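Here chain A shows up in two complexes: once beside chain B, once beside chain C.
This part shows the complex of A and B:
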């Protein structure tokens, strides 16, 4: 067990190192200096000063080591577009919004998904299961920004009951949460239903029934616990994806989150911000997925730890 | 020989079968190939067939509607802006008076081309990479699979954004970005197939006959694992189409005047409160296409099980 965890940690570190390096060299491979814009011609002295300020006048390997050192300590350079703001400050400013919305969407999807999936697996009604299949097929296929726009049109414009801009009050969370959750709800519902059905046909459930265990106890104690593993392996990456901010939903609802910041850093060619955000988001996603792996290894004695 | 036969028949212990009966059973035993059986099962899957018909229809419309329509996808008619659906403009016109049907079908060309090309490049890269990794084995396999793991564990949108920043917006960089992040699934599948089939007798036989690595990979492994490979390929099409639409929708993927479904939805965003129908058409086309591909993928998975 310990060696498995250590091994996974090592690979996680390696992945982060590779990611940071790839980000650095990709950004450096873009031709031209970020300060030489087509429509603005600055005097050479001015450009030299800017290059010196951002350390761009030094040889590439020095820049690389500085960058890695900064990335390790969590200190990123200043933004190139928003003068005077450090990347760390921008992350601190924008991450909470994404985190809050992501947590709402994640727990909402988990609760609704597991509940619907359980209901589907236990119900003998064909009609009910058919409805669930139709809804989940749609949820997996329809892109979330279409769901978001439909919700905006219906509940924000035609029947204006809910706000559609920003994240000021709890009411503001409803539409983006719904839009973000439709897809994960469908996936979690399908996974729960399928694995619960598998478990329900196992011998030990038949035994528990014949011993006279109550149906509620069977489902809650014996089934859900065993059926939860596939849901967990899906939920981990989904959790990290949701809390790191959906750039599409954030841009639609004008939420000042980290995904929104990322897209505007790309359109604004703000290289230091792009690098900082990519490394930050990469770290979060890799760490959470690592934790999920380790957690599911602990929960499941069947998973072979050697590989 | 002749005399033995005679002796036996004279003994009347054995009766010789008439020639026709000798081969009668053999015909019944003739097995169906895996592909044909899967094909038959696939055809019986109603949802999958529905998906296939829809994809066929949208491909035909994407080819012929823009070619035969009297409107170009960028013909503006400022006197006829934001028109409601009519006989001349079945989907209406947009804020610049352009025919939405033609634009949605031009969008279908871009989106489908992204999907199909990404699937094709995934196949090529995945088969070669996964094949080499599986056949070589040892440390080569180890290093190659660790690289795959690393690519796999970083969220793909990060790579896509970085590649789009480096190469600039547009169709080509979008395709490169999607391909570079999505071939790993195919590589893993092909490697798994190679490992499963490598020790089979018929592969050993062709090795003994002196077949090269490439021949073993393509003739023995790929041809015998068409099922899983086709499934991975088909499921990668809707993924690519969705990825493209996400990035084009926020304005950093394919950019106007090119018109993919994501671009159309992005343009219609400005008028979403006054003309919501503009956003519905391209999004409906996108959703139905993805749904159809998912049905086909599910049908194939069931058929090959």
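This part shows the complex of A and C:
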């Protein structure tokens, strides 16, 4: 198990290296620079000075090695656009909002999705399962900004019962959480239902029944653990996606989160901030993937017992 | 009498209509007896046994008949609700009736330890502590000849060979010393070398506990060795039943002849292995007459239109074939079957 974790950790670091490289070259391939924006016209010497200060006048491979060195040591320069603000400061300012909202959305999705999926798999009612299928199909195909706008219009404007700007009070979390959750709830519900149905039709369930095991115990003891694996495999990446912020939802609800920050850093060609955020988000995603793999291993004895 | 099954019918709903897997089957089983059930793949052996325990898959349903076990009616139709039925069955499953399944690779839960899976059946039916159940599980593993049982209890199914897993399944089936064990092709999925060991263990343990067995197989060799009585199944029906000697040396149904002729001969010279020509009928639309009619070299015209009733051969031996009707023409029994008849005569 330990060597398994170490191996995954090594892969994670390699992935991070590749990610940072790809981000660097992608970033460089977008035309424009942090100091040449349409509305801000600076004198040429001023721009040259700034380029020199941030090393942008160096050949591209030198810039690459500098960036990689900074990325790997976690030592990022200040933002190129927001003068005087360090990348760490910007992350510290924007990440908590995204994290809190993401956690709400994730756990809400997981609980509702697993509960609905389990109910669907155990229910013999065709109607109930039909309703679930229709709702989850919608949830999977409708984009979340549409859900968000619908919710805002219905519950924020037409019948103004819930706030739609910012994240000041717990009430503020409800609408963005719902908007973020509809899709993952649908996915988790379907995964749970299908995989639980699949497990229920396995031979070992027949053997468990032949021992006189109660239906309740069959579900709790024999099914859930096995049925949860596909759900876990999906939930890990979904968890990272949710806590790393959604630009669309954060913009719609005016939440100063990291998703919003990331997109504005790209449109502002804020190279240091882009690299910093990319590496930060990359580390989160990789760590959570690792955690997911470890959890899956714990759930399945075959992996757990491998040396 | 331990078990009495009357006019049992079972069907499975499929996309193409319903499959009549078991069609009006009746048989009895005495205490301490071993009943062998033989028949080709798909003839409804498993469906019949699972119907008795209510272990059919979701789309399966018992559509008629009664099942009396140990003096109590346990057919689904005798209960007013599914819940009541399940509750009653759960007191019998694993305690009064144990089941051994065909494929040891898929019938154990991959994510529970061997110990947990054996202890479960013990704890389902006895008010004892987990420690006591664990001690009993250990005893059971020794009983089915597992080496290093303490170690095995902590292991998962994937760490055990097929033969060992089948022993575990036998241990589970006998854990509460049931009156009846239903063994559904317990050796089919095993290596030939392991088959005999597993079979002997099942035989010994059941003899020791005086357990009755219903043994399903398509291996007539095993039946000859193990069974007291035999029922031959074809296309969802029992077509012939009797004492094991009666079925082996004095068979009456052309299907039984075919089965006996297709046993590989150990001593005989390298004869081409015989197989009954053709395929069993599609049970979505069961035939009107004798289901074996299209494959039967001895078929009579009446076989196409009317199902034969059981004709009595002896007090214990019955066969459902029109050949036994007094009006039927005398047929030339195949040579190997005539040899069998001759052996039978010498015997008695």
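Rule of thumb we're sticking to: the second predicted complex is superposed on the first by the 264 of 307 C-alpha atoms of A that agree within 3 Å, B and C clash if a C-alpha of one lies under 4 Å from a C-alpha of the other, contacts with A are read in each partner's own complex, and residues count from 1 in each chain.
What we mean here is this: contacts are C-beta pairs under 8 Å (C-beta built on N, C-alpha and C of every residue); 3 or more make two chains touch, one makes a residue touch a chain.
Small disclaimer: the values here were computed from a predicted structure and weren't measured.
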Fit or clash between chain C and chain B when superposed on chain A: fit
Chain touching more of chain A, residue-wise (chain B, chain C): B
Which of chain B and chain C A:75 touches, first, second, both or neither: neither
Which of chain B and chain C A:66 touches, first, second, both or neither: neither
Chain B versus chain C as contact partner of A:254, first or second or both or neither: neither
Which superposed partner A:244 touches (first chain B, second chain C, both, neither): first
Which superposed partner A:125 touches (first chain B, second chain C, both, neither): neither
Where the C-alpha centre of chain A sits as vertex, the angle toward chain B and chain C in the overlay (nearest 10 degrees): 70
Which of chain B and chain C A:289 touches, first, second, both or neither: first
Superposition-derived minimum Cα distance between chain C and chain B (Å): 13
Chain A residues contacted in one complex by chain B, in the other by chain C: none
Residues on chain A engaged by chain B in the complex (per definition of touch): 11-12, 14-15, 18-19, 22-23, 26-27, 29-30, 137-138, 140-143, 145-146, 149, 152-153, 157, 240-241, 244, 247-248, 251-252, 262-263, 266-267, 269, 274, 278, 281-282, 285-286, 289
Residues of chain B defined as touching chain A within the complex: 146, 149-150, 153-155, 157-158, 161-166, 238, 242, 245-246, 249-252, 265, 269, 272-273, 276, 279, 283, 286-287, 290-291, 294-295
Complex contact set, residues of chain A against chain C: 201-204, 206-215, 221-222, 225-226, 299-302, 305
Parts of chain C lying in touch with chain A, wherever the complex brings them together: 50, 53, 55, 57-58, 86, 89-95, 98-99, 101, 103, 106-112, 120-121, 124-125, 156, 158-159, 169, 172-173
